[in-house]
Amino acid sequence: MPNIIIEGPPIQDLNKKRQLVRELTDTAVKVFGLPKETIVVLIKENAPENVGVGGELIIDRHTK
Amino acid sequence: MPNIIIEGPPIQDLNKKRQLVRELTDTAVKVFGLPKETIVVLIKENAPENVGVGGELIIDRHTK
Amino acid sequence: MPNIIIEGPPIQDLNKKRQLVRELTDTAVKVFGLPKETIVVLIKENAPENVGVGGELIIDRHTK
Amino acid sequence: MPNIIIEGPPIQDLNKKRQLVRELTDTAVKVFGLPKETIVVLIKENAPENVGVGGELIIDRHTK
Amino acid sequence: MPNIIIEGPPIQDLNKKRQLVRELTDTAVKVFGLPKETIVVLIKENAPENVGVGGELIIDRHTK
Amino acid sequence: MPNIIIEGPPIQDLNKKRQLVRELTDTAVKVFGLPKETIVVLIKENAPENVGVGGELIIDRHTK
């Protein structure tokens, strides 16, 4: 604790995941004033057929 | 925002996912009075070996 | 299970909450083909100072 | 309801999952005084490349 | 990590919360084989007007 | 979507919340390459009697 959960699309590039975790952690350290080791980040990758925006699946928006 | 997260069993039929997103979004639009585009739905599919009900995994209930 | 979690703004009107739970449950019953009693809905109300959209707190957007 | 969600590393051994669900449910039954059948447990398995601790992905810590 | 989130009704008795955290943590330590200090438990208390079961708010079930 | 949820202790200072939302959003924009307006941040404040670390409530750790 604190924990940060990111619900987003799949991320292919491992370096993007590294950047995400590094920068989100740095922000949390600054705001909460807690040691870096206490910050946990969970990256949740959601397939486009499992996400709806505006009543439509992302997968259907992409095929338009 | 608003966001709707559904934790349920796997859904094989893509049309079921379409229906889920369409109807959940319609309900949220009516209740919150916000534009359709602001509503995000996340479908979370849980394998039967990762869900417990009444202290038992679903996978064990199904094999009885 | 299935569980539906709605993250949204505060809802003052109890009847809106009743409508939300009734309609989200009806949709889940239709899509999953499971008994009504298995569907749980959690309404999460978020204060406008705890929600950010586009990098800004909602509370700041409203005072513009 | 109540629902218990566990965000952890992957669990290979099905008996570990059985134990997790059985014991978490027993605890919830004792504390809430509700029937066993009302307790739902969701096990969420997170790949080591999707978890960050202290600003670093678990996958990078393991290769050190 | 691992993190355990419990979504349940309000808990008045602080000792019940202590018991919940102690026992859930003990179970996680046994199953994951990780040090006690890594286990985080979040207790989420939900007002009965914000929980629906079977299409009805808990608050309505209680007044029947 | 993407959505970022931060589970942490209460934050008294509104400017800290502003900073949290601004910086988390900036990171998400860079990593996902999506427009700022699509990023939603939810700040979840947890009372110290509702968080357990190492099997103990935070509230008990503070009174030691």
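In order of appearance the chains are A, B, C, D, E and F, and numbering begins at 1 in each one.
FYI, a contact is a pair of C-beta atoms (placed from the backbone, for glycine too) under 8 Å apart; a residue touches a chain by one contact, two chains touch by 3 or more.
The structure displayed is predicted, hence computed values, not measured ones.
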Shared interface partners, meaning chains that touch chain B and chain E: A, C, D, F
Separation of mean Cα positions, chain C and chain A [Å, integer]: 21
Distance between the centres, which are taken as Cα means, of chain E and chain A, whole angstrom: 25
Chain B-chain C separation of Cα centroids, rounded to whole Å: 13
Two or more partner chains touched - positions in chain B: 1, 3, 7, 20, 24, 40, 42, 46, 51, 53
Chains grouped in pairs wherever the two touch, ordered by label: A-B, A-D, A-E, A-F, B-C, B-D, B-F, C-D, C-E, C-F, D-E, E-F
Residue ranges of chain D in contact with chain A within the complex: 7, 46, 49-57, 59-60
Complex contact set, residues of chain D against chain B: 14, 17-18, 20-22, 24-26, 36-37, 39-45
Partner chain D, residues of chain E touching it in the complex: 1-9, 11, 16, 19-20, 23-24, 27-28, 30-32, 46, 51, 53
Chain E-touching residues of chain A, taken from the complex the two chains share: 1, 3, 40, 42
